[in-house]
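Look for chain A in each of the two complexes below; its partner is chain B in the first and chain C in the second.
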Partner chain A sequence: MSENPTAPGLPGDDEPGRRRIGVYICHCGGNISDYVDVARVRAAIADDPDVMVAETTLFACADGQQHTMVHDIQNQHLDGLVVASCSPKLHTTTFRGVSRRADLNPYAYTQVNIREQDSWAHTDDHEGATERAIALVKAGIAKTRLSTPLSPLRVETVPATMVVGGGVTGLRTAIGLADIGLSVIVVEREAELGGWLGRLGPTFPHDTPGRDQIAGLVAQIAQRPTITVLTDAELVGKTGSFGNYTAKVHVRGETTDELRQFQVGTFVIATGADVYSPEVGELGYGIDGVVTLHEFGTLVDEATGGALTWHGRRVRSIAYVYCVGNRQAEGNAYCSKFCCAATVHASIKVSKVDPSIRQFHLHRDVRAYGRYELLYTESRERGSVYLRYPDDAPPAIEQSADGRLAVTLVDALTGPDELTIPVDLVVLVTGMVPRQNEALTSLLKLPTGDDGFYNEIHPKLRPVETVVDGVMIAGACQGPKPANEAVSGGLAAVTQSAGILKRGFAELDPLVATVNEAACTGCGECLTTCPYDAISAYPCDTGQKALVSAANCKGCGGCVPVCPEDAIDLLGYTSAQMLAAIDGLADREPVA
Partner chain B sequence: MTTVVDVDLMADLKKFGATDVSACFSCGTCTAICPLADDDATFPRRVIRYAQVGLTDELLGAKELWTCYHCGLCSQSCPTKADPGEFMATARRYAIASYEPTGLARVIYTRPKLGTVVAVLVAAFFALFMLTQADLGGIHSPTLALFQFVPSELVHWLGVGTMVAMFAAGAWGVVRMTRALARRDGVTWADVAGSRAALRRSAAAAWSSLGVESLGQRRFREDCHDDQPAEPLWRRRWLVHALTIWGFLGLFGATLIDYGLELAGIKMTGTPIPLWYPSRALGTVAGLSLMYGVTVFLLSRWRRWTPAHATSTGSDWLLLTLLWITGCTGFVIEVALYAGQPPVWGYWFFLLHVAVAMELMLMVPFTKFAHAMYRPVALFFYALARDRVR
Partner chain C sequence: MSDHGGSGEPTPRILVFSTNNISDPGIDLAGSRHLHYPATVSVLAMPCSSGIKPSWILHALQAGQDGVFIASDGEECAYLPDCAERTAHLVTVTQGLMAEQGLEPQRLKMAAVCSVCAEPFAKYMREFAAALSTLGPRPVTAG
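Presenting the complex of A and B:
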């Protein structure tokens, strides 16, 4: 390959403009080298006049190899780096780090994927895989040859967070944010703080009344002057860019309504969920004595005198029917997570009120996970009986002639014959449903899952971030969960907000679109293309020009092909770089 | 078919013992470790489930209750400490109380103090009744003329009457139990007596139940190896139990032989006979066997030698005590009969002996003794079921 073509516009071998690129071809311990002849790949590009270092390595990502690369970059004065290894998703950050440590601009680094896109896909064709690897590496070199140094975009951030929702998650999040040094605005739609938990009596696992938990949080908030609480208020507008948003809040006053504005750096959405409300007739709902878990909780908390009564009649036996409106083939398929533990806990409360009450739990798996297992054990020891009914045959609930209720089911452990349990009260264990919040959802462009709850980017790796920059979600608006887990999510959002806002500025990837003003004719095609509203138009002498807000641009490149004048370029992936890469792939003279 | 749950069953069962069984979560460790739970039998787990849910008919129709010999392995291995072994014993008590019609068994099991009073009163009744008919003047005769003191006719007919009453109450219970078991197992008359093959099966099952298991104690001996080899042979439960059964049956046999001899005109009841005389030899050996068995059981319960004897209820003590008094007073009478000068206390021990023996027989369907009636029935159904599996 001694006749390796040189890129257009670049001078010849001895001229000062020639690049000094280091190329490292990884074996990946055999993942690549078992199918790709890495020595041949190295030989194919080693003679490229822009390639100063060409090596194969067992593991490019290994510490020792990283040191070698830093050493090479510094000693050979390299100005470009190509690593042919695995997917960029895996190690882009690793090798950008190598570049940075060697004082090389991180954006002069190109990762070439010869594992997922080559060796793994072509295990049956070693020759073809090797040729393909050569082409991919050449494309990478060609792209790197045209790289220009880029610096991260720096945006100033506002040290304030708006928490939407004043339930347990929102309140605990507000306290966490205030304690970490950010000012907080809590926006609650209702007149009172507290949400669902604020209406509950003793809750699992510690028997602390929900009301007291909320009262405790509200008292802590009162001691923190950096927290502003707005009730009867709704978020109605959001403008601005990453780290510096203007939020408009509509506050309903006694006499007049008010529109207030706040500058905030991030949002934490903690709008919670609603409880499922059964249809009349669903599992006997509507019959006297058939109640939901929520209604039952109130009944138990208000029981006095060592007896549980329903409409003046003493309750002797109770049947709990689990998974109502949840885990259904038709309808809500998800599990609400809290209801098993809540019901088990309620049954313990019942047995404390009147130990002689017989309690039957008709379930489809008791998901009393973690420490809630202890509650489950306690309830069994107190005499609760658990019966599993088949997924496709829910219990039938009827009123018998004497006004009592008859619950008929098949118990997995004694079946297949049906059992009829005569009871005084049937409790439908209802789970959570997503809260109807369309205005907020569309205002913030929050992504919603099939189940109607808000979606995070990744449930484990990025559990509170959304695809919308600066907007985090926490608590039951993300999916059903017990209060403690909701609060954990809120605290994760605190940390995340602090990570963004505490430095006072944020660095964004510079891989964004730029407009060549000279070429832009102001046709406006790009304005409607951008999914992030990052492109705006500004007037100038010759009409109007397009302007890309770097803070809002996500570098998707959607506007580049739209521009009829080719006036938009994506930094790091310029048109010239991409064309050169294609030439490299095809291994021929550059397209003009 | 829909079964209506008895929501009060568990509370009722707790009166008979088994307070811990609520903790059971049906893991089945008890079934896995039980050496007797074979042929897809799922006890004790399944039987505990019946109780928890409130399936009274299923519980009373469970032959598995009576295939358990309470070795205690299940209770030792239970992860929730629900004590399945004690539960099975409790369920047997509940079954005895449910099968018999008078409610006396329920009193004995659930109110042990009142039960003891009843037991004493019954014995006292027998004693007083005989005393009203006794010839108190005969006490000082030169020989110990027991059957002149209380006429042998009286003892005989009182015994017959007691046996008839016992059999009537017992038969009632056995019929109820049989129907419950047959219903649950789906066994019909045709299955047990409908054909020659059915009769052959029934005969084989009856032999397995009465011969191999009840008299031979085969599974108790071979499978319930909870106490082997740690327990010395002399206090292994199956042997002690077998000696008690054999002793009791031996004494029963000796009594029948004695009566047969009287009918045949060879020897009148109460006539002094030498030790080698068949009925007396049998009676002495059987009596020693019974006394050994009952005494070891009492000691074992007192000292809690085995898991099975760790918990003792009033009914356990009642049966053993009645058996022990009967056996012991029998030997006291032996001594009195052959003492040189007939002692006066011999008459009183005789009175006590007869009264307690009568009571023991009369109370069979109501005390723990009832297992002697019910267990063979269950083992019969067990043998039938095993035959069907094969």
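Presenting the complex of A and C:
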């Protein structure tokens, strides 16, 4: 079988031909090997004369396996690495790191995606998935075979970060950034800092008023001259390249209306979320005495004189209806994570105001997780009654003749008979919804998930980075959560920013366009095609030739097909590599 | 349901050009959600669809692919504001070259696939495979 004769232009002037490539095919636990016969994939490529090491591995990314790869590269003098595992979005950095540690050029490594783009897509077709894996691995080997050593491009970075959103996440992030030695610009759209927490009284778990927590952060910011805070401000422009962006901010207060410009290296987006507002009629919303969690919180925090009152009437009983606008089969499917604990906590506050108030919690399951469980226990000890309603049959809320409210449900323990509880107040436990932020989302090209919140690259491994270079997300804009978790995300973004900016320079992929001098006839076709003005002409004996500036080139490859002489190549995706990969894919294995 | 064997009719082989930042994540998502599409689909990722050379597409069709699908960025491309037009132009040029070789233009298809377009991608693949089946085998032999 022809492995490579069709692959044009084998590199290496000194020794034409052979490469020494290591190929590792991952089981991914069973995520791959349950559907792809990895042993057969290995066997199909093991005899390739350029393949020195061909192994299957349970987890390619595991520490031990990385050590083995480094060891193999060094001992077998490998000059190429192919890892067939998951999406390149997840582990390109991991295996480039392996290459680097083994003194192998990181651009001689090719990631082959046999999980997302093979085993997981073809769980119904093991034979087809195995054949596909063989073809994809062959294409990966073909690309690596033609790889040339490249060095990353070095760009200077600006030691400053712009934090968009001045809620608890943004403010705590700003302090972290300043303390690690980066300048910070906080851009808050509203006139006031603080976000949701800034409007809250005593919060769970420690009863510290949200307002006080925000005031504390604002005081700390005032002591840090490297933090600039802009309120009534919005980010309206972003230009530049990795590590050095120009950010335009529109500030329009009562007395100001100006466009300000800042140089920053990274962005942390902490724009938070909104609360769900029920439709009129949804679970009785609109009836006097039916309130949302947020409205209720204010009522409790403002209660004086040992009594809770609603429109002048003393409240003697309350029903809480959980999961409103959340965990719905149609609509918002997610759980907002903070609302169970916030409600449990509110009921403790109520019992402190007036222990005689009777409280009924109508829930689907109480997600007061971790230490919040202690609050749940305390709430029960203080007399709160917890009743579980079925997922598909939410309670009905009606106004009774005496002006009070009647809540009817089927309780999981006493059902199937309906139970009606007369109460003075119904609290709809509303969760969070994504904030409307189209202008910012499209300006930064931020990816959003199905649920409408911003998406990180990977929930476990890269939890605050986005696919947009240099832009991190943190806090409730990424998904609903309690304040401590929001802040943790912010601090992770501090570390990520510092990791990028503290060295003073960043290394970028050198996968840029190059002009083959010998082939270029100076026709000039390419000179106007690059929107980044990366291509210029220089005079030579025969007239002119084209030259690509590596610093300006964004690596799109748009100029490649424009050249009538085939003189332009995109490094990492050269014509020779792409044609060889296409040949690799075509090489159909005879079915065993 | 297996895409292989059974009917005895081979499933058409499709080469997809995806883009690293937009359509490739969309295709990943299709897999992550276990949305099935024919296992004869192979994906090669590029930075941007406007960098695909017509000669690569012709080469793929000669090397045994029955169809080529460009999963482009539509209006979302982070590199080139006119990416969609550039890619559409490449498709037109390539289809001209294909015609010279007696290859039907329907063997080359382009559609925008966004980073969360998992369902649409799987559907495109099933539909393209069906369309290629109707078209029958390539008029040229694999090179």
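In this section, the second predicted complex is superposed on the first by the 366 of 592 C-alpha atoms of A that agree within 3 Å, B and C clash if a C-alpha of one lies under 4 Å from a C-alpha of the other, contacts with A are read in each partner's own complex, and residues count from 1 in each chain.
Following the convention adopted for this analysis, a residue touches a chain if its C-beta (ideal position, glycine included) is under 8 Å from a C-beta of that chain, and two chains touch if they have at least 3 such contacts.
Worth saying up front: this structure is predicted, and the values here are computed from it rather than measured.
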Partner chain(s) touched by A:352 [first = chain B, second = chain C, both, neither]: neither
First (chain B), second (chain C), both or neither touched by A:260: neither
Touched partner set for A:445, first chain B, second chain C, both or neither: second
First, second, both or neither for A:124, with chain B first and chain C second: second
Touching partner for A:224 - first (chain B), second (chain C), both, neither: neither
Touching partner for A:385 - first (chain B), second (chain C), both, neither: first
Residue contacts on chain A - larger count, chain B or chain C: C
First (chain B), second (chain C), both or neither touched by A:422: first
Overlap of the chain B and chain C footprints on chain A, listed as residue numbers: none
Residue ranges of chain B in contact with chain A within the complex: 1-5, 7-8, 10-11, 22-26, 46, 49-50, 52-55, 58, 80
Chain A contact footprint on chain C (complex, rising order): 1-5, 11, 15, 20-21, 24-25, 27-32, 34-48, 50-56, 59-60, 63-65, 76, 78-81, 83, 86, 90, 115-116, 122, 142
Of chain A, residues touching chain B in the complex: 316-317, 356, 358, 360, 377, 380-387, 408, 411, 413-414, 417-423
Chain C partner contacts - residues on chain A that touch it in the complex: 6, 87-89, 113, 115-125, 127-129, 131-132, 135-136, 139, 445, 447-450, 467-468, 511, 531, 554-561, 566, 570, 573, 575, 578-579, 581-583, 585-586, 588
